[in-house]
Amino acid sequence: MLDFSCDYRNGACKEVLDALIKTNSETTATYGFDFYSKRAGEKIKAACKAPDAEVFFIAGGTQTNMTVISLCLRSYEGVISAQTGHINCHEAGAVEHAGYKVLSLPHSEGKINSAELDAYMRDFNENPSRDHMVFPAMVYISYPTEYGTIYSKAELLAIRKVCDEYKLSLFLDGARLGYGLTCDECDIDLPFIAEICDVFYIGGTKVGALCGEAVVFPKKAPAHFITMIKQRGAMLAKSRVLGVQFDALFTDNVYFKIAKNGADRAKELKKAFADKGYKFFINSPTNQQFIILDDKKLKELQAKVGFEIWERADETHTAVRFATSWSTTKEEIEELKKLI
Amino acid sequence: MLDFSCDYRNGACKEVLDALIKTNSETTATYGFDFYSKRAGEKIKAACKAPDAEVFFIAGGTQTNMTVISLCLRSYEGVISAQTGHINCHEAGAVEHAGYKVLSLPHSEGKINSAELDAYMRDFNENPSRDHMVFPAMVYISYPTEYGTIYSKAELLAIRKVCDEYKLSLFLDGARLGYGLTCDECDIDLPFIAEICDVFYIGGTKVGALCGEAVVFPKKAPAHFITMIKQRGAMLAKSRVLGVQFDALFTDNVYFKIAKNGADRAKELKKAFADKGYKFFINSPTNQQFIILDDKKLKELQAKVGFEIWERADETHTAVRFATSWSTTKEEIEELKKLI
Amino acid sequence: MLDFSCDYRNGACKEVLDALIKTNSETTATYGFDFYSKRAGEKIKAACKAPDAEVFFIAGGTQTNMTVISLCLRSYEGVISAQTGHINCHEAGAVEHAGYKVLSLPHSEGKINSAELDAYMRDFNENPSRDHMVFPAMVYISYPTEYGTIYSKAELLAIRKVCDEYKLSLFLDGARLGYGLTCDECDIDLPFIAEICDVFYIGGTKVGALCGEAVVFPKKAPAHFITMIKQRGAMLAKSRVLGVQFDALFTDNVYFKIAKNGADRAKELKKAFADKGYKFFINSPTNQQFIILDDKKLKELQAKVGFEIWERADETHTAVRFATSWSTTKEEIEELKKLI
Amino acid sequence: MLDFSCDYRNGACKEVLDALIKTNSETTATYGFDFYSKRAGEKIKAACKAPDAEVFFIAGGTQTNMTVISLCLRSYEGVISAQTGHINCHEAGAVEHAGYKVLSLPHSEGKINSAELDAYMRDFNENPSRDHMVFPAMVYISYPTEYGTIYSKAELLAIRKVCDEYKLSLFLDGARLGYGLTCDECDIDLPFIAEICDVFYIGGTKVGALCGEAVVFPKKAPAHFITMIKQRGAMLAKSRVLGVQFDALFTDNVYFKIAKNGADRAKELKKAFADKGYKFFINSPTNQQFIILDDKKLKELQAKVGFEIWERADETHTAVRFATSWSTTKEEIEELKKLI
C-alpha cells in the first residue's frame, strides 16, 4: 500500500547502505574516535564553512535535543520554544525530565516571532520577581518546523539579533533540515545556519540514514561533551555506525540531493491536491503537507493510502499530514493522484 | 513606615511565639517523631475531620510543592496548573528541576476552569501521539489563587468530577489557605478540602508561623514519604520547631482567628480604596488586593507606604498589590486611608 | 594490524548485514511497532521460553542500564552493584545522573557474593537509621562480568534467594551475554536467566549487531515503558533498525553460533598465552582474556597488535586485555601466536 | 529522663530565643534581603576574616549539602567523600537524587587521608577510560566527622595541597563546627577554614539555633545562587527567621561560647566513662562520645538514660553514642556518673 504517513518508514538511501556494506569488515576505533566519524565531521565542517566547528553524532532526535539542551544550560536556566515545538509537545517531557523548563511562546504556523521573543525577554528583565523565575537562556527553533514551514533569512537574522541583545544561545533542531534547505522557498544555506546558531543538528534519521543526527557546535562545544553524552546514554560504542552513514551523506552532496527529492515530490503532491480543489490546513513548502479532508473522503482514502491524522479541523473535516521523503518516487505521486 | 507589601514580613503570632518560648527547654524526639509534631498532626486531622489522614511538616512553600508533586508522580507523568500558578511562574522551575513538566492551562483570574480541564483531558486521550507526550496525572490549584481569588464549592466539585473521570489526583496549594477560608465569599471549609483533595497543604509561613507548611494526605501518603522528604532536603532535624508552631496554630482555633483578621482588614482596605474611587485590577475577596494607580499617585504613595508593583495596566497606570495579614491592625488601615 | 583491543570494532555479522540489505526498501511502522521488532520480540520470547515476556530494543548499553534502572526504581530506592560493575565505574555516572545511588558491594573477580549480599541486606534492615538511607531495591549483575568471569548456576540461585527474601529485583546486564552462555564453563542458558531475573538484556553491539540491546522483562514491564524510554531518549524512531538486526540474530540460532566463535577463539588465545608461560591476571573463561606482560614485552607487542592496557600489575608488569569476538578468525589467533 | 541521644533535641539557646522574641513584631524584607540576614552575614564575614565572602542561610543540613554540591558541580563531575561521610550514608541519596555521584574513599576514624586522595586522583588522571568516568571535582569533608574526630591543621593543609594540584574544590560540612573548633585538640580556627575552603557551612541546628545553617563562600558564590536555592526549595520566604538567629549567634561570640559548653561537657563525660574503666569505640575529642557497653549494661542503662546505638562491637558488646550539646549541664553529667 502507498504510504505517506511519515518520513522514517524506509531503510537507508543507497549511498549510505553501500557505505555500511563496504566498510563492514573493517576494524575501527570506538566512541567517536573512529576514522569515519572523524572524516564525516570534517566533511560537515567543510559543508558548513565552519573550520572551528565541533561535530558529534547521536543516534536519535529526542536524545539529541535533550542532551544538547541539558548540556548547554545551567540549572537555573530554561529554553524558549514555540508552544508547538517538538521538545514542548512530543518528546514525553524529556527536557523537563533532565531538569529544565521549556518556556513556551505563542507560535505562528509553528514559528516564533522575533518581536514576541523580544517582548518576552524585555518583560522578564523588567520583572521584579525574576530571581524567582527560570532564566531564559536558549532559544529552540526547528527548521523546518513541526508544521513544515520554514523561517526566512530575515526572520532568522531578527531572532539572532534578539539573542545577541539578551545573551541567549540559539539552537536549531534540524531533524528535517535537508527538506527545508532544498525547498523552493528557502533563502538560506548550511553555512548561514552555522553562522547564526550556537548549536544545531543535521537530521539523518529522516533524511537517508538508518539512524543518527549530527550535532554541530560552529564555534566550540561545552567542555567534556564526550563524557556528558556518555552519561546521558547518547553515545554509541560502535560509533562508526553513525560516522560511516554521515560520511556517505556528506560525500558528493548526497544529503542535499536526496533531500531535494523529498522536497520536489512534496511540491508535486501539493499541486495534485490543489488541482483537485482540496484546501490546506497550512501552507507548507517542505516535505510535510497538511490537507483538509471531509470525513467521508478521509475514510475512503484511509483504506488505500497511509497518512497521518493531524487534528480535527471542524465538525465534518479533518486535517491530515502527507509526508514525502528521500525515498518517495514520482510513481508513488502518480498513483496517489489517481486516488484523490 | 506602613507596609502592605506582603504577608510574610513579620515574625510569629503571639500564640506561636509563646509556644516556642514555653517548650524551648524541653527535650524531644527528632525527624518528625517528636511529641509536638504528632500532636499537631492529630489536631489537624481533627480539624479536617479526616481521621485516616497523614500529616507532615515542611519548612517552606516551594519545597512543599516540589516535594509533593515529585513524590506523587511517576516519571512519565506531569502536573496541570493554571498558567499563573505559583509552580509555573515563581518557583524558579523547581518542579521541572525535579524532572516533571508543568502542563499549563489558561486561567481566569488565577483559576482554572473544569470545562477547560475536561477538554484538555479529552484531547489528550484522543491524541494518537499521546505515548510521546507527558501524561497529565495531577491537577494543581491554589486556594486562594495568586490573584487572591477563590474557587466556589461548585467550581471545586466540578474540578473533582473531572479528576475522577480521568484519574487525576488533586493537589491544593494552601500557602494562604487561612485567608481564603475566612473571607466573606468562602463557601467551603477544611473538611471539604480534605474530602475532595488527594493532598493539600495548610500554609503557616504566611499565616502566623515563623515558617512551616502542613502537608495533609487525607487518605494515605505515598510509601516511605519520610525517606523521600529527607532526600529532597525537606525534613528539619529539629522537627519540633514546626510541630510546636502548628500545635499552637491548631489549638483553640488560632489559625482561623488570626487568618480572619487578615481577611477582615483586607475588606476594610478594599472599601477604603473603593470609597476613594480607585479601580481594581482584580476583584479579590481575600488578603491580597490589586489596585490600579496612575503613575503619579504610584510615585507619591511609594514614598509613604510599602506595597508591591504587580504589572503595567496601561500607558499611564500600574496595577499594584496591597497585602494584609494576621498582623495587620485596624490602626494601619486607618493610617493608610489618610494617605490614599 | 591484528586487533584484539575490544569486541565492538567491526561492523555486523553476515546474517545481520544481509537482513538490513534485504529489508532496506520495505516500508514499516515506527517507534517499536514495526513488523521486525515485533517478530524479533517473539523469537526472543521463544528463545527465553518466556511467553509472557515483554521485549524492547534500545540502541546502546549505558542507555539500557540507565533506562532500566531508573524506570524500575522509586526515588527512595537504589541499586546494588559490585564495586567493579560497569554502572559503577564506566558509565560516567549515568545512573546517578538519573537520580539513583549505586550501592557498591566488594567484588571477587567482578562478581558479588550471595552471602555478602545477604549480610548487607540484614545490616540495612537492622540499621536504626535506615529511613535516612537509600533503600536497596535492585541487584545489578553482569554476565559475563567486566573481568570476563561468569556466575555458576548455584551462585545465581543463591543470589536469587537473597533477592526473594528481601524483595529485591534482579537485573542482569548481558552486554556480552552470548560469550558467557557459549563458553565451556557455562552451566546455565537463556531460559534459566529469564526464570531468575526480573529484567535483563541481551547485548547486540558486542555480539554481531551494528548496535542494539534487547531488554527482556520475563514477566511484565513497568507501565508506560514506551513513554519512559522515549523520555530518556532511548527510543529509535526508525525502530526497524534494531528489530531487523535482532530478528536476524535470533533466526537459526545465529546469536549463539557467532558468540561461540568468540568464546572458542578466546580459548585458543588463552591456551596460546599459557603455552608460552604467560601469567594471567584473572582466570576468565569468556572472550575477554587478561594477561600479565612485563613492560618490555608490552612495548614490543604494542607495535604489532592491538590490545587494551588494563592496570598496573606490579613495578615491572602490566595487566592487559585481549578480546576476541564473533568476528575473530582462527587465522588471527595463529598470527598472534607468532608474535607472543 | 537524662538524654544524651543527640545534639538537636532542645530548642534554641537563650540569646537566640531572646532575639526572636525581641524582633518578632518588626517588619522586614524577605528572601534573604532582610536586615538581620545581611547583618548576620557581615558578622560571619568578620568572624571568618573574609571580607569578600558571600553568606547564605539554609534551613537544614541535608538541604545545604545537596544544594551546595549540586550548584558547584557540572553534570559530568562528582564529589569525593569518606565512605562514612554523611552525604554518602545518611542523607537518603540526596546528592545522587540531584544527579551527582558520591565517589567514596576509605576512611580512618571518619577522616580521609591526603595521600589516599592524591593516589585516587593520580589513578584517575592516568586511567585511559577516564572520559567514561565521573570526574572528581570536589572534596567533601566534615569537621568534626561523623565519628566526632577532627582533622589537624597539617592534615587539612595536606588535603588542600592535593585539591590545588588537581583543581578540586574543598567543601567542609560544619554541621557541628562549633564543637570541633572549641575542643582541646583543635589547632585551627574559623579564618583558617575560610582560607582553605572554597565553601563550608557553619551549623546552627546542632549549635544553639532552632534551625539553620550558614553557607559561606569565602571568595565568591556561583552566579544566581539565590535563584538556584529557590529552585531547590532551600530558601525560606521569611528569611529573617534564620538571619535573626545567626545574628544572635555571632554577637559577642555566643556561637563559640555555647559550643564550648558542649565540648567541655563531653570531656567530663568521657572522663567519667574512662574513670570507670569503659572502653571507647573511637577516641573522639568533641561532643560525640562512642563507648563500648556489654549487652547487660546496655539494657540497664537504656532504662535510665537516652543514648544512641551505634553498631555491634562484638558478640557481647555494642558501641553506643552519647552526645552532649550547648544545652548539656554539669548537673546532667553528675547525674550520669551515678548511673554508669
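Chains: A, B, C and D, in written order; residue numbering restarts at 1 for each.
What we mean here is this: a residue touches a chain if its C-beta (ideal position, glycine included) is under 8 Å from a C-beta of that chain, and two chains touch if they have at least 3 such contacts.
Quick caveat, the model's predicted, so the values are computed rather than measured.
Asker: Can you check which chain pair, B-C or A-B, has more C-beta pairs in contact?
Answerer: A-B
Asker: Which chain has its C-alpha centroid at the greatest distance from the C-alpha centroid of chain B?
Answerer: Most remote chain from chain B, centroid-wise, comes out as C.
Asker: How many angstrom lie between the centres of chain A and chain B, each centre taken as the mean Cα position?
Answerer: 42
Asker: In whole angstrom, what separates the CA-based centres of chain B and chain C?
Answerer: It comes to 50 Å between the two C-alpha centres.
Asker: By the touch rule stated above, which residues of chain C touch at least two different other chains?
Answerer: Counting only residues that touch two or more other chains, chain C contributes 75-76, 91-93, 97, 99, 131-133, 227-228, 230-231.
Asker: Applying the document's contact rule, which stretches of chain B touch chain D when the two form their complex?
Answerer: For this pair, the touching residues of chain B are 3, 6, 8-12, 17, 20-21, 23-30, 59-64, 66-67, 91-94, 97, 205-206, 210-211, 227-228, 230-238, 240-241, 306, 327.
Asker: Provide the residue numbers of chain D that touch chain A in the complex, in ascending order.
Answerer: By the definition above, chain D touches chain A via 31, 70-71, 74-76, 99, 131-133, 135, 223-224, 226-228, 230-231.
Asker: Hey, which residues of chain B end up touching chain A in the complex?
Answerer: So the residues of chain B in touch with chain A come to 75-76, 78, 89-93, 96-102, 128-129, 131-134, 308-309.
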